[in-house]
Amino acid sequence: MLHTVNKSPFGHSALDECISMAADGATILLIEDGVYAAKAGASYEGKLKAAMGNVKVAALGPDLAARGITACIEGVTVVDYDGFVELVAENKMTAWV
Amino acid sequence: MLHTVNKSPFGHSALDECISMAADGATILLIEDGVYAAKAGASYEGKLKAAMGNVKVAALGPDLAARGITACIEGVTVVDYDGFVELVAENKMTAWV
Amino acid sequence: MLLTILVHEGPYNHQASDTAYNFIKAALGKGHEINRIFFYHDGVNNGYNSADPPQDDRNIYKRWSELGKGGIDIVCCIAAAKRRGLKDELLMEGIRISGLGQLADAVLGSDRLVTFG
Amino acid sequence: MLLTILVHEGPYNHQASDTAYNFIKAALGKGHEINRIFFYHDGVNNGYNSADPPQDDRNIYKRWSELGKGGIDIVCCIAAAKRRGLKDELLMEGIRISGLGQLADAVLGSDRLVTFG
Amino acid sequence: MDDMKKIMFLMRQAPHGGIYSYEGLETILIFAAFEQDLSMVFVGDGVFALVKGQDTTGIGIKGYIKTYGVLEDYGVEHMYVDKASMEARGLTTDDFAVPVEVVDAATISALMEEQHAVIPY
Amino acid sequence: MDDMKKIMFLMRQAPHGGIYSYEGLETILIFAAFEQDLSMVFVGDGVFALVKGQDTTGIGIKGYIKTYGVLEDYGVEHMYVDKASMEARGLTTDDFAVPVEVVDAATISALMEEQHAVIPY
């Protein structure tokens, strides 16, 4: 399963809820304001790293660039819209909008 | 100062941010989905009670009723729209929308 | 007391329009005056005359229109309106489109700004 | 692969419309097919022909219209549209209004539902 | 039926503050006509939608808590509530207007993996 | 001037995901013409609006980070950043595109009490 999260983890509970429901081996793709969760050195880093013990985490590159995020947490894969499409081709999707 | 919060404290950071910025003696009025913070027995109760050491907390009665909230945390004042108007007449207002 | 009301969200989609309306009715009932109601962001969607909400529910557009026809100045922000598709021909009676200066002017000339969003 | 796209938020106000569009362009580029684009909730606001967004920014309405004229079926939910003020006369070319059955039908007949909101 | 598809509605919004939870119900009633295997999962603030005794008279908005009661007749086979979400909000099944199945996150997680589509509201 | 009023813009939204932060800027530029005592306070995700190096080309949206640079010329006297919000997001003043005053919540709280109006975006 591919999960997308488009809300900031500092302002919204969407990513917390997604992480609690994502099966082992699932992929969480951070898009729009969701990419703030991938920012290195912020207070969500511990939670995201803990989640990455069970799930894969990707972040949409154009959304990272738009927000000036240059350093991602280690282990986060950066994808573009083509990569987003590939993830959808490989998985069913749940959007935590 | 009167602060209004209309977002659920379980899903959004608005009330946390409001509490951190509300001056001693200020009033926080919970409206719309914000009234869930006033619900007795939920996980936000400790945080709200701690805040009530410094600020007054009120909740809009019609919004409580609409959400089936029958038991509020002790010390929360329930007001109607007239009470909301009175609070605005007595204070400048900041909305944490 | 002279109040300016600012609404940041669209009707039905968000409760802000309902709360603002209920607040305004109570404020008028207590003898306060509304300097201006200003719709910004998705709030401009409150101005459409083309909506057809369910008959068994409240009609938010008509409620605003009646307040406007009753003499309260109701303004949709022109920049927000243009982006979202609202224009003069689509406006409920009693509501007008104008610039953000109308918000600044109202806020500065009122005792209170009351924001819903 | 056959995709249904569901958009839950209005244009400009929220990035969902932009992300959905960028995703669709990439999907088409990779040879996938779009079964239907369905606008629900505030997503129906993507259908207005009456908007006039700033000249120096992208025109979200035109982008959808071009996809629609190019053969992709784009539907605004009628219940959501009536509540919000969108009607047939206000629709961009290439976009139509219809019922939620069109969403159900599309979801059941597609390999993937991709939701933006 | 062999061609029945599993569709899950993921209900995450509280009622009345926004219309998403109500419009979500409209969708489910329409999907019901297509005779598929439908389930609803209430997660996060979504669990508040089920609370009994909601009286919307004072806010002037039409309530819709009664609609949940007819969903079973419309073929919604399961209404799951996330245990952690329910407990964090100080709720028990006695607080709900309709019977629900309280399950843990791992169960919901497994159910999600079986779906043809998950539609969030 | 005796009749100058204090207006505070409370910036709480991140950029690009929603338009509120951008439309908030439009308001401030208009208020500037009224020659009042204007300040902006960045709280919560609002601090992200100030991050330098934002490149919106890839998402196809017009960026506006440069607008913050002209606000001082428009008479915005103070741009305050909440220290706790900044630190929780792993940011320092070096990350911002414009000079700001980093203050604690108590300072913002006291400033709020002095305002004629607080406008949230």
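Note that the chains take the letters A, B, C, D, E and F in the order they are written out, and that residue 1 is the start of every chain.
Following the convention adopted for this analysis, a contact is a pair of C-beta atoms (placed from the backbone, for glycine too) under 8 Å apart; a residue touches a chain by one contact, two chains touch by 3 or more.
In this text the structure is predicted, and so the values were computed from the model without any measurement.
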item: Set of chains adjacent to subunit A and to subunit F; value: B, D
item: Graph distance between subunit A and subunit C, where chains that touch are linked; value: 2
item: Shared interface numbering between subunit D and subunit C [over half = same, under half = different]; value: same
item: Most distant chain from subunit C by Cα centroid; value: A
item: Furthest chain, CA centroid comparison against subunit D; value: B
item: Contact-richer chain pair [A-D vs B-E]; value: B-E
item: Rounded Å distance, subunit B centre to subunit D centre (Cα mean); value: 38
item: Rounded Å distance between subunit D and subunit F, as computed from the means of their C-alpha atoms; value: 33
item: Chain centre separation (subunit C, subunit D; CA means) in Å; value: 28
item: Centre-to-centre distance between subunit F and subunit C (centres being mean Cα positions), rounded to whole Å; value: 25
item: Of all residues in subunit D, the ones touching two or more other chains; value: 8, 12-13, 15, 19, 22, 41, 54, 83, 112-113, 115, 117
item: Residue list for subunit E, restricted to those that touch at least two other chains; value: 16-19, 44, 59, 61, 116-118, 120
item: Set of subunit A residues in contact with two or more other chains; value: 6, 10-11, 13-14, 32-33, 62-63, 80, 92-93, 95, 97
item: Pairs of chains in contact (touch as defined earlier), listed by label; value: A-B, A-D, A-E, A-F, B-C, B-E, B-F, C-D, C-E, C-F, D-E, D-F
item: Residues of subunit A defined as touching subunit B within the complex; value: 10-14
item: Footprint of subunit A on subunit E - complex, ascending; value: 10, 12, 43-44, 82, 84-85, 105, 108-110, 112-113, 115-118, 120
item: In the complex with subunit B, residue positions of subunit E that touch it; value: 14-18, 44-45, 48, 51-59, 61, 63, 65, 88-91, 95
item: List of subunit D residues in touch with subunit A within their complex; value: 1, 3, 8, 15-16, 19, 22-23, 25-27, 29-30, 32, 112-117
item: Complex contact set, residues of subunit C against subunit F; value: 6, 8, 40-41, 79-80, 83, 99-101, 103-105, 107-108, 112-113, 115, 117
